[in-house]
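Take a look at these structures.
What follows is chain A paired twice: with chain B in the first complex and chain C in the second.
Let's look at the complex of A and B:
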């Protein structure tokens, strides 16, 4: 069971440059922390795939086990775990998230 | 029984050399929202300043904190916001 879920997660993070596992959707986040990450990504103008863990209990637990990270949201860039809400916000403010995207070759609109 | 704030303080102080440890219970801000279990101990914000974080990535710092609060995060805390800084980073703020 776990393997099937892990395979699904792997496929999602390998076939999409930026993936956000979140509560709710990008258009309608259902948690303040998820909403905060959506806001950062929107400000940067970086396209991302949103995966609503509230719609799938197996993914909701599976992503925690996969990342070994106990909370949602979780941001992946090019298959690599970046962090949750606190880390994403800190990195954005410090300009490190923008650096990471550039390094990984992910294009986004608002580089400044 | 110890409050959740006290439990968090005790566990983090045991696991890390801290020069500053602020714990704010923000549960009242979330009363009636998702994750409010009525305990008044569901949402927390912590600032940890510790030399233990020297040379350690953001993700690994949070993993250290998560590990120390494993049971609390799994069963009782709905949300915890963590700021984990070295003394030098804190002094630059």
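Let's look at the complex of A and C:
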């Protein structure tokens, strides 16, 4: 069962530059931590695919097994796990998230 | 049942003995904490790896009894 879920996750993170596994949707986040990451991405003006784990229990657990990371949200850039809310915010403040996006060739509107 | 700040400190220090741990009770409700952890063991590790060390020390409680624990790590002060 697990590899079907992992295959689905891999497909999502390989076919979209930036993917956010979150609680709720970009338009309607349903958790403060997920909302915080959505805000960072919106501030940077980087397009991303939001995946609402609340709508899919298998993904909600599968994503935690996939990265050995016990919480949601989880941000991926070019197939690579970047981190959860704390790390994304720290990287954003330190300018490291912007560096990572540039390095990976992911365009974003505002350098912020 | 939510955990106390001291329980979190004890768990982290048991898992990362050389860690200096400071807990902030963000809302005074015993369920929203921030942990500031400084440890030489983090040296050379990525942010994700540092946090995974902390999650390992918390022995699966993260996301269970520990719903909202914000983690901030550093290799040295």
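Structural remarks
Just so we're on the same page, the second predicted complex is superposed on the first by the 111 of 112 C-alpha atoms of A that agree within 3 Å, B and C clash if a C-alpha of one lies under 4 Å from a C-alpha of the other, contacts with A are read in each partner's own complex, and residues count from 1 in each chain.
Here, contacts are C-beta pairs under 8 Å (C-beta built on N, C-alpha and C of every residue); 3 or more make two chains touch, one makes a residue touch a chain.
As the structure is a computational prediction, the values presented were derived from the model and not from experiment.
Under the clash rule set out above, the superposition-derived model of chain A with chain B and chain C contains a clash between the two partners. Touch criterion met: A:30 reaches chain B, while chain C stays clear of it.
Of the two partner chains placed by superposition, chain B and chain C are both touched by A:68.
Once the two complexes are laid over each other on the shared chain, residue contacts for A:84 go to chain B and to chain C alike. The contact surfaces that chain B and chain C form on chain A in the two complexes overlap at residues 33, 68-71, 81-87, 90-91. The part of chain A that touches chain B in the complex is made up of residues 23, 30-31, 33, 68-71, 81-87, 90-91.
In the complex of the two chains, the chain A residues touching chain C come out as 32-33, 64, 68-71, 81-87, 90-91.
Per the touch definition, chain B reaches chain A in the complex via residues 34, 58-59, 62-63, 66, 70, 73-74, 79-83. By the touch rule above, chain C contacts chain A in their complex via residues 47-48, 51-52, 55, 60, 62-63, 68, 70-72.
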